[in-house]
Amino acid sequence: MAETAQDKRLDFYEAMQRCALWEMRLLQMVEEGQVSGFYHSGRGQEGVQVGAVLALKPQDYLLYGHRGCGYQITRGVPLDAMFSDFLGHIEGPTRGLGAGTIHIASPELGILGQAGGVGGTYALAVGAALSARQRGTDQVALCMFGEGTANRGTFHEAANAAGVWKLPVVWLCENNGWAISASFRETTAAERIADRAIGYGMPGIVVDGQDPVAVNAAVSEAVERARNGGGPTLIEALTARLRGHYEGDAQRYRAKDEIETLKRERDPIVLLANVLLEEKLATQETLDGIQARVAQEVDAAAKRALQGTKPTRDRIFQYVYAEDHTP
Amino acid sequence: MAETAQDKRLDFYEAMQRCALWEMRLLQMVEEGQVSGFYHSGRGQEGVQVGAVLALKPQDYLLYGHRGCGYQITRGVPLDAMFSDFLGHIEGPTRGLGAGTIHIASPELGILGQAGGVGGTYALAVGAALSARQRGTDQVALCMFGEGTANRGTFHEAANAAGVWKLPVVWLCENNGWAISASFRETTAAERIADRAIGYGMPGIVVDGQDPVAVNAAVSEAVERARNGGGPTLIEALTARLRGHYEGDAQRYRAKDEIETLKRERDPIVLLANVLLEEKLATQETLDGIQARVAQEVDAAAKRALQGTKPTRDRIFQYVYAEDHTP
Amino acid sequence: MSRVIKYNVAIREALAEEMERDSTVFMMGEDIGVMGGVFGMTRGLYDRFGKQRVIDTPISETMIVGAGVGAALTGCRPIVELQYADFVAVAMDEIYNRAAKWRYMHGGRQNVPLTIIAPEGAVGGVGPEHSQCPEALFWSCAGLHVVTPATPADAKGLLKSAIRSNDPVLFLPHKGLAALQGEVPDGEYFVPLGKANTVRKGKHLTIVAWSAMLHKALKAADVLAEKGIEAEVIDPRGIRPFDFDAVVESVSRTGRLVLAHEAPVRGGPGSEVAAVIAERALHYLEAPIMRVGAPDIPVPQSVYLERMVVPRMEEILAAAEKICAELV
Amino acid sequence: MSRVIKYNVAIREALAEEMERDSTVFMMGEDIGVMGGVFGMTRGLYDRFGKQRVIDTPISETMIVGAGVGAALTGCRPIVELQYADFVAVAMDEIYNRAAKWRYMHGGRQNVPLTIIAPEGAVGGVGPEHSQCPEALFWSCAGLHVVTPATPADAKGLLKSAIRSNDPVLFLPHKGLAALQGEVPDGEYFVPLGKANTVRKGKHLTIVAWSAMLHKALKAADVLAEKGIEAEVIDPRGIRPFDFDAVVESVSRTGRLVLAHEAPVRGGPGSEVAAVIAERALHYLEAPIMRVGAPDIPVPQSVYLERMVVPRMEEILAAAEKICAELV
């Protein structure tokens, strides 16, 4: 019998902890000046990221968002490699070139990368899905993005193409209500992002992003539909940004108690812990044990990463082209 | 009591004849080599263009499509000026610069112009409507475009902005089923373009584009809603392209009898004539009379235009800037 | 009389003065309202002029610029912001083909008094798509003006000229100069579009330096002076219109030219200037025209590597010394 | 052995050969299917390779190029078409920031074997947004290759190299050359990216001429020859990579340089070349570097006026004669 999302709850819990604890350690590096502050915290969105990424099969493609690193971590990029990248060390996936915000790609894991211009990956997801069809594979492309980014025209062009060609793409919007300082309501005409689905001939689904079980179920269904030739789906996950847009953001644009309320009521890790305890699927000790184990894992990864190496100047000239055509 | 669209049917008939007869004369000029062949015939779409443009008040703005010249003619650009433009004569609105496809603007008539890149005017309509609000006027911007052009990302960005800011814009899609050789169904995921309206928080309406009365009623309602602060509307008018994309288009991509059937069954001028005759609002003589009078008007305009003047070389250096900043 | 204020404050003053004076001036862009812009350039304007005139937009760059064109055609004098200058590529069609060509292609019956603000430059780890200096992409953009202020005084004076201009202007402040202090005249003043500024006189060589590079060029000139080389330093203040006469005149006296900009040398703002000088002033040249700029690569995200890409004062110095070798 | 075929047919042959050979090669673009492209460049390919490999797209240029990048990253070798080269502005972010920078910014773990075809040039009244030659916008585009074939042989050979390249290539055929006949080698062959072609040898002056201007340059060379001036004519075949060595070597012998392109002189492809020569080969120059191109204005829609904008053979001739005055 197939494992259902219900049975995976402890795994989800651990995966979310891994995202959060990794980030906590990273923020310490930011504070200590080892890493630049252009990091967009993912705190509060672990439910979406873990639930979604775990719905993929190994052969699938992932185009992730810029909010935190839950995507890459959950997909399996080693924690030390993640730190190395931010530290600008050659052991990181970008071999020292990236650092700060994220351009982590991992062809082996199907992680295609991220664009600096938000909304730059929609069309790439179409291309990856089209490529799967051309090559006759059953791969699916999962493309994740914020609700603010949903207002870029590139979404329209990509979603329409995916819809009309019935491509295996899953569009997953992380709606955290804010795009830097711009609120969802003041910048978006749709009642719900998912309302746009009908305009692209695909199902539109709204899901509680703070519940990884629900996200996982919705994304899994969409992934399977896509894999079986049923075409794309647009999923809107309602989630919460618990920190500033980037580190150091004073957030004057946000009501003082909004974040406090969200932290109290909408932290996906706390929410899942409560359920696990209530339904007696875990004791507090089990949960503490998971957290301690992951914290150790993170610490060890950070230590290894900190011992890494900065690149030499020649690195800046590498990787511009695959082939040298200097005449 | 306000005049209703019903009472205007004879005016609509005359206006449609003016578009069609003007074009017929233009095509003669194309054939005679006086005008380039990059003309996109509007034959078959007079119902939409006449019905829509006549729904505007004098103060309103018009951003027109590239299909024929029904928009500008109906809005009141003199017929001889229209010919002059195509002939590349200085008496035309572009003073000799334009010719071929259309960049006719008339600030007095609120005609803002057209972009060579289709879908380039959506955002301009948002800007014109925003400008009306800034200046405290009650102007409305009507933006017309083909269904193929509805797949440009610029539509998404503009429609969302118009929706969220509740701007006085009317989006009017002329869905003739073809974008050059690309059929609506094979390139557009939406069942109807109007289905996209909900994603931008506005009403979406489908109307028979071959019936200027229906178009006029729908556009009038949308214009009044926009004028009264009710925000934008997306209207999809179902219409028919009776000729090639441009002159000389062999249309191999189109089934042989499609055009014949459309000509027989969906010519908006024939359809309205039949109604007028059936409902005894006009006799055949009246209709013939109108046609003859308009034909004469067109002929006289063509004669005047043909006597116009080609610009001299200095024209190419004019109008690049409003002000000279050569240091 | 003058005051010393920051570059960013100078920009805010220009915006506020023009909005105060002319009710058809309004702004729109991402996060420019309550937040005051991600670089603080519009801080305070939202409180002062309200939501209707300082408009936060969706993340929709083609709409931002295109709506600017539409508003400019219909009686307003809009100022629109692209959050990072790199995003000119996102709205390239709207800038290059819409804003710049609309007037011409419609026979000159309309004006496009639009100002596009787009902060440029590398400022420490924001990566290949948030660090570029894209002005050279607009060398061929007839119909557009393009300015790159290097000082608070120019930031204010050029921006006011841009807003008053009846033609579209791309105004590219440098993010790295935001906190730069400088003298600014009291009262209202304008810096004309397309007029170069000879910041330092000299007779041995001409250094034309754009934006942030101006300050490095001036430092290089100090060092050169100690070695007996007197560099003339010119800030061209942008690329369109370009004050070629000023550069030709200077080179006619110095015979030597170094062009310095933060963008890559290859396809950077200097190439067109070098080409014009090689035609108009070849007979004055006593040495090759040198260009100083970034290498022909994207800007890496890592601050550590970014520092190896952004051209430094020492590179200007080296270029100058190379072509002045026989003078010392 | 060789055959004489049309430029357009040469392009079709390249496409067909590569699609035949490699099942991961596929095409997408507007009206390239049943219609065979608005310039007939893909005629017959739809019938031969089917709907799945010759894909008609919606009017969605950012998707077309972006999806090309996505497919290129995932094991395909896509060829995408922008119906007019002017539309590079519509998909500028996808070309300039996505296709070109993806490999670098992700640490070189992926390749982007993408070909973008975009027909350029003025061909009689298609107006300011359907007539441009935009190659110079990509001088600064590290990560991209840009080629401009002038002959049927180059059209085929360069396109095949572009498709086989593991890096993105912007292939810009000239619309006006579609029916041009020319010799094409029999059998499979490739023209390397970034290698200039010295089409005519000469000792008095070097003319570097891009794309359609090559043919006017050759005519000018004929006329010059009658006056005793022997012009060397070089087709650079694009701008990235650029064969600067070939131009420097030629100028080292001739001492005179004319650069000719259809794009405006201001910001056109010639400026970077002039700048490099003014640095690397200044001491060889016996006369100013001349550039021939369109004036600094948009291309008018009227065919009558367009003819006054597109540079003519006579202008190359005049430029050449001006700098060769003392030779005759």
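Going in written order, the chains are labelled A, B, C and D, and every chain counts its residues from 1.
Here is the rule we go by: contacts are C-beta pairs under 8 Å (C-beta built on N, C-alpha and C of every residue); 3 or more make two chains touch, one makes a residue touch a chain.
Computed from a predicted model, the values in this text were never measured in an experiment.
Novice: Which chain's centre, taken as the mean of its Cα atoms, is farthest from the centre of chain C?
Specialist: For chain C, the chain whose C-alpha mean is farthest off is B.
Novice: Between B-D and B-C, which chain pair is linked by the larger number of C-beta contacts?
Specialist: Most C-beta pairs in contact, of the two: B-C.
Novice: Nearest whole angstrom, what separates the Cα centre of chain C from the Cα centre of chain D?
Specialist: 30
Novice: Taking the mean of the C-alpha atoms as each chain's centre, how many Å separate chain A from chain B?
Specialist: Distance between chain centres: 45 Å.
Novice: On a C-alpha centroid basis, what's the spacing between chain B and chain D, in Å?
Specialist: Distance between chain centres, rounded to whole Å: 36 Å.
Novice: If you average the CA atoms of chain B and of chain C, how many Å lie between those two points?
Specialist: Their C-alpha centroids are separated by 40 Å.
Novice: Going by the touch rule set out above, which residues of chain A reach two or more other chains?
Specialist: Expected reply: 94, 96-98, 103, 115-117, 120, 151-154, 156-157, 160-161, 164, 186-188, 320.
Novice: Could you check chain C for residues that touch two or more other chains and list them?
Specialist: Residue numbers touching two or more other chains: 57-58, 60-63, 86-87, 89-90, 93, 97, 104-105, 127-129, 142-143, 296-298, 300-301.
Novice: In the complex formed with chain C, which residues of chain B make contact?
Specialist: Touch list, chain B to chain C: 61, 92-98, 103-107, 112-113, 115-117, 120, 122-135, 139, 141, 153-154, 156-158, 160-161, 164, 318-323, 325-327.
Novice: Which chain D residues qualify as touching chain C in the complex?
Specialist: Spelled out, the residues of chain D in touch with chain C are 86-87, 89-90, 92-93, 96-97, 100-101, 104-105, 127-129, 136-143, 263-264, 266-268, 270-275, 277-280, 282-283, 285, 287-291, 296-298, 300-301.
Novice: Any idea which chain D residues touch chain A in the complex?
Specialist: Contact set of chain D toward chain A: 23-24, 26, 28, 52-53, 57-58, 60-76, 78, 93-94, 97-98, 102-113, 142-143, 145, 165-167, 192-196, 241-246.
Novice: For chain A, which residues are in contact with chain B within the complex?
Specialist: 151-157, 159-164, 186-191, 195-196, 198-202
Novice: Give every residue of chain B touching chain D within the complex, in rising order.
Specialist: Interface residues on the chain B side: 36, 38, 88, 94, 96-101, 103, 115-120, 148-149, 151-153, 179-182, 186-188, 252-253, 310-311, 313, 315-317, 320.
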